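Okay, so subunit A shows up in both of these, paired with subunit B first and subunit C after.
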Partner chain A sequence: MANLEVKKLAKSYDGKNKVLQDISFSVNNGELVSILGPSGCGKTTTLRIIAGLLDETSGQVLVDQADVTKTPVYKRNFGMVFQSYALFPHLNIFENVAFGLKMRGLSKTEIKSKVEEILEITGLSEFAQKYPAQLSGGQQQRVSLARALVINPQLLLMDEPLSNLDAKLRLKMREEIRRLQQKLKMTVLFVTHDQQECFAISDRVMIMKEGRIDQYDTPQNIFHHPRTEYVARFIGYDNFIHFDQAQVIDNHHVKVGNISFESIDECEKAKVLTIRPENIEIVDQNKGDNTILGTIISNEYLGQSFKYRIKTELGEFQVEESRKKMRLVGEQINLEFPAKHLHALSE
Partner chain B sequence: MNKRAAIYLIVPAFTGVLIFTFFPLIQIAIPTFQNNQSIFSEYIRFLQNTYNVQVISRTFLIAITTVVIVLIMGLPISLWIARQRTNVKQVLSLLILFPMLTNAVVRNFAWIIILGRDGILNKFFMALHIVNHPLSILYTNVSIIIGSVYLFLPIMITSLVGSISELNIEVEEAAAVLGATPLKSFFRILIPQLTPGIFTGCILVFAGTMTAYTTPQILGGNRHLVMSTLIYQQAMTLGNWQSASVIAIVLIIISALSMWIMRRISRLLDRRPSLA
Partner chain C sequence: MLDRKNKVLTIVSLIVLAILMLPLVLVVVTSFNTQSSISLPIEGFTFNWYANIFQQPDFIAGFESSLLVALLASGLALLFGIPAVYALTRLDVPKASWFQSFFLSPTLIPEIVIGFALYQTVVITMRIPVFAGLIIGHFLLCLPYVIRLITASMLLLDRHIEEAGWIYGCSPKKTFFLLVLPNIKTSIIAAFMMCFINSFNNIPISLFMNGPSLTMLPPAILNYLQNNYDPTVSAISVLLMIFTGLMMFLVEKAIGIKSLTK
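Right, the complex of A and B next:
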């Protein structure tokens, strides 16, 4: 497969509202990159422009250094998996998978051997003569994947491929996609709005916000070092303490209200402190720094832990605690924010 | 509700259909078989008359030509309408149906004005020196076909817009990504998916044209009779009810047979398994 480079991609439908702006990134050969974001952030638009299904307003798409921006979609040699699977309803599974090869003018014997091989790999051999409507969602999904892979594409594009499957099947399919991707050393661009899904299978994750890239990094780096509040919110940092530069004491200390906080990150150019609900500790004694007094305003049982919403002088915080007994609403408690888990964000 | 109760409930409607649909049909059919010589002799006599056979083939030819023209014209228009935004689509669909709100006689008189010897079309052709003598379009098969196309195009478009709107556009995008040019995608992906809609449209237009009376009466004149105008002439002008009944039955048989053939063709093209 190939590498992909996107340079300064922009898209606007009416010349004023920019759906995409300044999208630049690259995907290395054999890498699986996810684009993550809520609906309307431009992730599908980006994918469709790369596929050639949508015209860009400006910018370039390069595959192995060759500019394909003006190449029509049917000449691009990419594979694409759609959210609706988009199988051809009037063709059986064999013919569905064979379609791309037929368009490329391969001989009947070549088509037969290639289709049979990919059906074997994807475990679909027994369904060759069935029609899409006779298959389950998971099976249709695999046909869609087989159909995209059989043409030996330079790049595999996947547009929310798992969102129409039930939770259990979604887990199974994402493992299968990852396994196939690594086995066949595919370059994959995967669009999703499911954070867990994309962290589980991606080499790198691109988080988009309002038509821009907010952060592009490995899942581990994003998880431990979110760059902005937006990214942090997206990946489950539910607690935020806003401050301004006047409240910064030194590079690792900030004083908000009467409480001084110590953070593992540098605070001098930061604006927000954030911490995950499971990293906040409920302690008996208020030791002063990094600790705040609060009252429980709601409690929720999550199975392995309890989740509380706690009201404090710095606003509400969400805390997860593993404990045998649920704390009651109205109980007064001290929250401690361990410095090693308290991150400082610049935006 | 149990099955027995359901059967009782269906009785009134069923009786209604029986009385209002099948009883008149049978009443028309019975006299045509009451002949002294043999049961089919009225039909044999009818088909031995070359003029009658000419009328049958003209009717059939006009209907088939109309279906083909309406399909070729309707498909691109329907595609265009179906792929508009929802509100634009609604407005366009209404506009398409608008001609059907006018009276059939009035619409056909409009075509007389357009197609006549001194009509708009001939004046236009003469002015551009495309022709030197006015063309005789009116009172020919051509004018009947033009009138029928005008009459049935909205029906075809309505039927096709419905089917196209139901299609998943991602299917065609998938074909494009897999290397299908727009032309290949049209014939290999779009048309096969539309077969049921095309079939329904063709049946409606075919049956409509075969049995239409006003249009061939006004635009065909007395020398270009079709089966429906022939029935009228036999019954009302000549008072030959027996003959009129025979033609009516022949018309029903031809229409039913053609529809059956079209259905077979459509089944052959649409290989999707029917999922009940």
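Right, the complex of A and C next:
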């Protein structure tokens, strides 16, 4: 496996609208990196350019410091797993997995031993003589993975590999992918729109917005320190308080309306305060700072907790509370935003 | 309720089938008649009319040229049609839908008009030899079948399959032969069948493009019928039915066996 470096990648189909701009990042040897974003953010385009399936408008792709930007797709030594599996319908599982080795001109005995080994690792040995149409979705995706692994690729690219599977299988497959990735020390670039999925298996996560990288960091850092409102929204920070520079009191204090808020983050260059629904506390007494009075306008039962929408003078907030009894719509309550959970965002 | 519906459906289907098959059965029956006109009921049983087919040089020559033209025209249609379909479904061809309609247009124009137009341009104006003219005409007849049938199966074939081929080290050209062709094989054979049968049985285009040196089988039969109303025509019709049926059976069996091994 190898490391990947992408430099100033840009893509435009018509010369005006930029589908991708200024994409620069690197993936270390043996690292699993996810690209996360809603559809149309450019994540699949990025992956396809790296694969060589799509031409870049400008920029470079380097693998182990070697420029592969102009190398045709069939001469790059990558593996790829597609959302639709893309198995060869007229070949059996053994032949599907052997395809890449055959193209590389390996001898029959070499092919046989390598394919059998990888089928063993992925638990597919019993299906060797079956055809793709005879396998379930999960099994097909595992064949697709085996076909990629057997060529010992420098880089494994995965384009929403779990999106066609049902929820339970998805969990199982993502654990399996992570296990194999760590066992074989693979460098993987994984495209997904599922936040939970990518946080669970990635060493680092890249969040894309409108053809740009918005934040590239470890899952923990992104979760606790989202850089922008866009990232925060994407990972479940549902509450936002916007302010301008005139409302900043000092580096950790902001006064919005009549309420002053304290944040653990620096507020001087920030524009937005944000907090997760489960970090807001419903308190009996209004202590003034970091506290706001509101009225419940809707309630929802989530199993572990209740979720409320609360109307206040600073707009609506969403709050999750674990409690035996559900609060009723119309009830007046005080919301407290603990400073240690109140983050300041610059965009 | 469902049973009754099924019964009605079965009866209607049988009636339709009977209406379709009855004339064919009558043709078969009359081909063995000893009487020298095509009539019912038959008076005696004979194979003479079958023997008579082989006494007609027009039939023998017609069969040979019809077979040759059908094979060549179908082959050409596949040769041009498959790359055209590939381009239209896989490459970014501007105005692809216009091309698609253009390729299918021969089905919209009456064949007799195509025959006449070809006669005017190819034979009269351009003075292209009769045989080449026939091939061109039948090629036009066949192309829409190739385009339509193969487009359908290309659209069903996941394009990521080709991409996977490239990823694993197969050049685009090789990918087409190794991964695309085997997966559209069935529709290629079906298209060939449709082309062959339509070309072989075609009258309007062959009628115009027939030359003094070249006879096609269907016009030859028509010609014979105008001069002699005897059961030879019934007999050759029976042979043609058997020939076409046999072809379909063989192809079906060829595809059937292959798909069984999957």
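Here, the second predicted complex is superposed on the first by the 347 of 347 C-alpha atoms of A that agree within 3 Å, B and C clash if a C-alpha of one lies under 4 Å from a C-alpha of the other, contacts with A are read in each partner's own complex, and residues count from 1 in each chain.
Heads up, the rule we're going with is that contacts are C-beta pairs under 8 Å (C-beta built on N, C-alpha and C of every residue); 3 or more make two chains touch, one makes a residue touch a chain.
Remember, it's a predicted structure, so these values are computed and weren't measured experimentally.
Student: Based on the shared subunit A superposition, would you classify subunit B and subunit C as clashing or fitting together?
Tutor: clash
Student: In the superposed arrangement, does A:Tyr74 touch subunit B (first), subunit C (second), both or neither?
Tutor: both
Student: A:Ser84 contacts which: subunit B (first), subunit C (second), both, neither?
Tutor: In the superposed model, A:Ser84 contacts both subunit B and subunit C.
Student: Quick check on the superposed pair: does A:Phe99 touch subunit B, subunit C, both, or neither? Answer first, second, both or neither.
Tutor: A:Phe99: touches subunit B and subunit C.
Student: Which holds for A:Gly15: it touches subunit B only (first), subunit C only (second), both, or neither?
Tutor: In the superposed model, A:Gly15 contacts neither subunit B nor subunit C.
Student: Is A:Gly303 touching anything from subunit B or subunit C once the two structures are fitted on A? First, second, both or neither.
Tutor: neither
Student: By the touch definition at the top of the document, which applies to A:Gly288: first (subunit B), second (subunit C), both, or neither?
Tutor: In the superposition, A:Gly288 contacts neither subunit B nor subunit C.
Student: From the superposed pair, tell me which subunit A residues show up as contacts to subunit B and also as contacts to subunit C.
Tutor: Shared contact residues on subunit A (touching subunit B in one complex, subunit C in the other): 51-53, 73-76, 78-80, 82, 84, 86-90, 99-100, 103-104, 131, 133, 147, 151.
Student: Sort out for me which residues of subunit A touch subunit B in the complex.
Tutor: For subunit A paired with subunit B, touching residues are 51-53, 73-80, 82-84, 86-90, 99-100, 103-104, 131, 133-134, 144, 147-148, 151.
Student: Write out the stretch or stretches of subunit B touching subunit A in their complex.
Tutor: 168, 170-171, 173-182, 184, 189, 192-193, 195, 270-273, 275
Student: If you look only at subunit A, which of its residues touch subunit C in the complex?
Tutor: Within the complex, subunit A contacts subunit C at residues 51-53, 72-76, 78-80, 82, 84, 86-90, 99-100, 103-104, 131, 133, 147, 151.
Student: Which residues of subunit C touch subunit A in their complex?
Tutor: My answer: residues 158, 160-161, 163-172, 179, 182-183, 262.
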